[in-house]
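Below you'll find a set of structures to go through.
Look at the two complexes coming up: chain A is in both, with chain B in one and chain C in the other.
Right, the complex of A and B next:
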């Protein structure tokens, strides 16, 4: 675990930004420690890219209380003067320069000699395994290679913070997974603070030390990847993190972390409370992942269920069951014993069912 | 009449996609190319013939070229054309660049561009007459060198703008952000990134502006006063003095040999080099 208590590398507090009458960021605060891999997760229009542009200086926020990079106040400072660089979504490589010239550009701007900056750029290219393609033109590179050049170009000047704007979005599945590991490796090696923007929960969970989930220009939830994955605190967070089953109900009883819930339809089940600020009687949601629900014996906790549909999806089989609380989705991995079995009652481990307050609207 | 169905055999009336169209297209293309290039070739051949006025090449000699270089009558019009062409080329390249850089940032540039391009379809005679009045009474210019330059500039700018737009419309503005993000000042971003990428279009616009000016006759006639540009001089000579015509053949051939490479260079810059980046 990294030391998160030292002087933060990035401190943003109370950013508000508007595009015309549309509020892109409303009162967002954020901080990142030295060497932290922070992911800002959200769908398009959540304000995550605006947040990145505000940090980099490419966007001037409507108002901000505090904006510090590496301890230095950068409010009003143009992008060129900030100690951070961006890996752009479309890479934004300079098409009239070859690979090494692209990478060396930031060093040349800082007044380094041609020889010195070429040598340094070469080292950065080797770090992303492109040393052999230094003299290629940008048009000759594949998408994955362009991605690496963009990465090398951004880190070669040793910024305090590296900002990455959905850098893997344009790559295919396999390459994306390889690049995820490489990015983590690179980040560890450089000890640099990474602020990473993505709409993919998988990327966020794989790479980050901490994840910030954004919705409509606000932070919905933030925490360690596992917190978001296992303990979403709102319906939006649960939905975004891939919870297939989200049921409505009200809390009957609290017993430490465990809550007893009456679901719509009258069934009484139990789960784990995601937050302590729910009182018995309050409206709640209970969320469970499809793969965490399974058939149970008649005397165990759970819901009576009848199988209504079974869809084979390759790696797994999805099953829809009807219960008093509504339709539930179950998922069983291909080859698992319950893949083809009959189902009369379904249940779950207490820690797999998450209870959080229901927000209207 | 009872056997109607027998007449509907295989119908070969697919006229629109008849294979003969392909053949016709090919030969028509070749014929048109011949129509365009044959007279040019003929002109060059006649310019090195001893008796060009007969219209038949033959008995080749360079004597008309010698006569051309011995005469100094065409020097002033030639210099005037070159200088006006350079001024027009340079000024249209610069103004087209300044305007063309802003067009991609406009919300709906369509109507404005239409108005800019419209002069291309205004008859040269009308434009010439209009500019004749304008440059005298509004700009207060004496007819001559500068009024010709203004007329040529008005003629060349829409072309230059269209050419510059080829590069500015496809310029990716995130490259400017990337440059700033890497620490470059606005001037460095322009010098290192934007200008080199726009350069083929700007140079082409300049070359095209030069050529448009260099070849212009119609507007020049209205605006020249007593000055002469080379095409006007050629035309006056051809119309008036039969004895001078052979020299014009030689001069026109030389102009052609200069113009064609310039045009080729422009197209190469604009389409071949640009596509490589």
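Right, the complex of A and C next:
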């Protein structure tokens, strides 16, 4: 970081926060560059919303080393004085104001004239395709429309950072997918830093430049979406990112990125090491996605297997097979050649099986 | 409100039919209950008021009520110099109501949004209900012993040498009447405002902060407008009893502070029922007039829109 201009838009280091005796955040550090779309991913209780509230100033952390927004130290600064706004989970639109009054609120508060702020609010509404509904009352809007009003209200004051707290959580599947694309588009257009909170790995993977996975108030793993998707470094991360098969074993040999593993039950298989941080003899987990396992010929790498169950699920079929290492789940997409065939041995590409150290507890 | 409920009623009536349930259950419980309540309210509240109003058009001769319609009573009401009493009643009632509002709103705000613990909130709410347990006159008469010439305050003031002579405006004065009414009418002002404020979603207040509003701006632009229905209710619940108050003016006014209520009482003692009726109708009329003015002001401020929109 020699270049002064590359100073991060958001810089948080060593936040600790407690609710009574419950630790919500323990020593979390985070940073985001200008124009970055950063997603904080986690299940409920992981501390992700607390993190957002600490950044926005709505929560005063128990202790924090450094908290900077756009290079400005904001420790102790109230929410109103921070150069960031929040899109709340329940939208938090003012029920006594109509759409345009809601959007213009932040501008009026800053002493802009009624005419000026209405014009500006109108532009923000058009950006979210709600220009025609400026005079509606909030009660007349659908969930998706409220979402857009909340978005327009938050960006109209041009904050350095936009904080989004599970904004798509209350929308139905179809609308959520449309809004994901719209949000990305909006973020690109505004060049604003987005900090996005979600519990959906799909949302995180679709929209983000970078994903931070949180668990129990700590950062479990962070990186590009593809890293998290293909190279989870803990059992929790693998589970959260949707790995159906996670097997126990120990590492026998390392050969560059490739590791040879003895699974529980004695079978020896190979996979890719997620970190170089494992030594032969160490306890590991081997994780493979169901759709990345398939039937292989008897002389290929893999495990002998017998089919125990087959469940048709519309777009795909799930098959359970018994192996020496335990039950594995395979998924074959509708129309795939192995959909109905017999299975005697299963295998995978080396890059699809991830090996990471096992953490006890 | 009643109108809305009546409009809703036909809809609830058709619902069982739509779902194809038992055809015998045509009249839902809710509709029956609504009509029973409306009927009871009419019989118990509205009819007596109408009778009262009708009574004011009779007159009295030799302690006998003459049941012939006439405007005598009303003419007498305005001829007998009651304007002064009316104005004094209005002034005191409005002053008390405004003082209640000035103290009650911040208190309700603190209780609803500022109180740190559930415990503190529960304790204060319980304290607010205490006045309902005890008769008003017993609560009021205590002040005589405290505010009187030889009362607690004057004794303390004189024994410490702050004053030489007892302060005589402490009791049997407009001050003591105001003073007596304020604690009595505090809960009816605070409770509706508290209810309105506690219903305001915390995230609305947070959103306002987050968008850059100072606490004062959040108060004026978010909390006050959203609590207006409660403020209106508190105003009615306080102003009504204040206009009709007779315990405090009687006990703490000591005959020096004549309000409409004492006129009503003396007319009642003199068995002049039409005068009682006319005065009571007059008080109700005043209350309605003030509320109408308030409703107009609120509509001007855009508050009525809010009350209806919710």
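The rule is short, and it goes like this: the second predicted complex is superposed on the first by the 356 of 361 C-alpha atoms of A that agree within 3 Å, B and C clash if a C-alpha of one lies under 4 Å from a C-alpha of the other, contacts with A are read in each partner's own complex, and residues count from 1 in each chain.
Simple rule for what comes next: contacts are C-beta pairs under 8 Å (C-beta built on N, C-alpha and C of every residue); 3 or more make two chains touch, one makes a residue touch a chain.
Everything numeric here is computed off the predicted structure, so don't read it as measured data.
Visitor: For the three-chain model obtained by superposing on chain A, do chain B and chain C clash or fit?
Guide: clash
Visitor: State whether A:95 touches chain B only (first), chain C only (second), both chains, or neither.
Guide: Both partners, chain B and chain C.
Visitor: Going by the contact rule set out at the top, does A:139 touch chain B (first), chain C (second), both, or neither?
Guide: both
Visitor: Check the residue A:85 against both partner chains and state whether it touches chain B (first), chain C (second), both, or neither.
Guide: It touches chain B and chain C both.
Visitor: Return first, second, both or neither, reflecting whether A:153 touches chain B, chain C, both chains, or no partner chain.
Guide: A:153 sits against chain B and chain C alike.
Visitor: Give one of first, second, both or neither to describe whether A:313 is in contact with chain B, with chain C, with both, or with none.
Guide: neither
Visitor: Select, from 5-13, 149-157 or 185-193, the region of chain C that bumps into chain B once both structures are placed on the shared chain.
Guide: 185-193
Visitor: Starting from the residues of chain A touching chain B, keep only those that also touch chain C in the other complex, and list them.
Guide: Shared contact residues on chain A (touching chain B in one complex, chain C in the other): 56-58, 78-81, 85-86, 88, 90, 92-96, 105-106, 109-110, 137, 139, 153-154, 157.
Visitor: Considering the complex alone, what residue numbers of chain B touch chain A?
Guide: The touching residues are 172, 174-175, 177-185, 188, 192-193, 196-197, 276-277.
Visitor: Okay, in this complex, where on chain A does chain C touch?
Guide: Chain A reaches chain C through residues 56-58, 78-81, 85-86, 88, 90, 92-96, 105-106, 109-110, 137, 139, 153-154, 157.
Visitor: List the residues on chain C that touch chain A in their complex, please.
Guide: For this pair, the touching residues of chain C are 201, 203-204, 206-214, 217, 221-222, 225-226, 302, 305-306, 309-310.
Visitor: Which part of chain A faces chain B closely enough to touch in the complex?
Guide: 56-58, 78-81, 85-86, 88, 90, 92-96, 105-106, 109-110, 137-139, 153-154, 157
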